[in-house]
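Sharing a structure here in structure tokens format.
Labels run A, B and C following the written order; every chain starts at residue 1.
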């Protein structure tokens, strides 16, 4: 996938301004909404069981994130997810902290059993947990995973007939169609602040809302996201100034920059 | 209303440091608290039904915002609102997403039936929904509204005997006394980040705490808020740096700047 | 305590990357997580009663903060606190708004009766309320306290056999061993934004995770935190740019800066 194709997808996000409905965690909820907006889409955060289905009814993508889950909150997620499935809009699930506690692991399973999830996203250990391989998650941090992330992603994608995204120094995107993308954009400062993982899922949601090939959409989203981090890091003295610059660079992305910086490859 | 009068109101906020009690949404709760503080007032965010009445008891204004409402949360809002009415402190209601779902529309009605709201605030479509005219709200974004916003605001203000505020490129403030103010301060970058609408309600709350004429207070608040955005935009490369500069400019507002930049007019 | 000892503690935080489990408020939850991360530790925010004990099981410190408490949330705190006591990891309690409402005062007592708290932290009036002296708290702001803060802290530390921290222009840390530290690092801009109090508790949590003398850990944490504020203020035009610079300076702290700037003294 070349820069021109990626830039074309970003243009569609900006033109169509898809509504990305989130049920997410209370830590990074602002950043998830803001990154969606700065990328040119429209965010909405609504979790009451009395309104999630109706809100899905006007949305173009649904992002679920279990970062600060409770059983009641997961019930709302499942309600929203079923409505999204019925309406055939893409569902993205960020399995934050799967493996850290039984609740997270079990609720992830319950969501996956009740909702068709189009993009399953996490770090290498979280995805390892979902795939059933040995892995250690310290809070929301990947410590270790047994096996090759690329193989784990591919195997889970096949099993679930979904796109699987592992974020990290190199992002791995395994499509249901057996095609695997690597995204080498990004900067280490992105890992020094809280929220870059969660925000990535929101960006994937915005791109999946305008592109039916969810593996391509995810790769394009992560490439734009990562290159904005690269551009921001050049002007930053640390994670505080980085974050402000990061949003500036996302906002100022254009075809020229994307063409010059995109680093997406196929396995 | 001239710059001197506006600057006088800001001075009173800074001197009296009114406590502005919020029951707001989980997305922009930090920004609402922070903008209140940076304007010189004191924020407090408390939603437990066991304490909202007591917290209102030490507050000088109450801000309600339905951005991530649940029925239980609205129950707490109504409890707090009734206590505020009894104590005769101003109540500001931000009808975030009214019209997007039945829950939001109905709960807005329920609040307005149970609490005397002094300032009803929203974007043009949200206020249209409250006023009962045809309008489309996409998540929390105004898409369309049937009719002239100025007329809708004036008619709703009369019906409710309240101040009605429609925020947008030009803010419209319709007082219960039939006086209408326009505020032409502001910058388009304010609409590129999440939270500027919610924060505006907090600022209105701080000003209403020190000025009994709520239409004037709202106009002064939005003028100060908007001019800070103008000043911030001049130094910003995008929405990330803009947000940091915006808080700096709010903090550094003084009579000279306000006198030079205020753009408040009467219909 | 000299700069070298403080710098050594910070190095241990960065090397060991302790997991600091938070049950905190919804206003500053992001900043609490982020400051933990920027200091080099790992944050995790989890409040569901179904998982708090298990999350404590992989944590090295527990931070409790009652800023937006509900009775159910406090139940989760007590569950987590008991698990932390059993595991013998340090528990930090930030008594945000104690004294502002009966709920906050009573729930603080309930936590202290059910959980052994290693570090009790608040502003002068909040700690006054916990100690049972006359004090006024306006929302989350200290207005007045009867008596000498140093004496109140020392007496409460003795009574509870805990470390007591009063934050303010000069921070006071009273150890259970009767040793009292003063920290004179800090800058007034830290008080102009929301969240610096809450974040301080997170930093104390990270340092207590690597240092058994909790009074020393708290003093070192507050010294590093305060000097980062001093460094940030020099480059800032107001509270917006200050906040970004603050995180940069925390991230860039090193032994040389700490040795030159630390201002910790003993009573």
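Throughout what follows, a residue touches a chain if its C-beta (ideal position, glycine included) is under 8 Å from a C-beta of that chain, and two chains touch if they have at least 3 such contacts.
In this text the structure is predicted, and so the values were computed from the model without any measurement.
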item	value
Same or different contact residues where subunit B meets its copy subunit A, judged by the half mark	different
Magnitude of the superposing rotation for subunit A and subunit C (Cα, nearest 5°)	120
Geometric centre distance via CA averages, subunit B-subunit A, whole Å	33
Residue list for subunit A, restricted to those that touch at least two other chains	26, 30, 243-244
Residues of subunit B that touch subunit C when the two form their complex	19, 21, 26, 29-30, 33-34, 37-38, 42-48, 50-51, 54-55, 58-59, 243-252
Contact set on subunit B toward subunit A in their complex	25-28, 30-31, 67-71, 97, 100-104, 138-141, 192-195, 236-241, 243-244
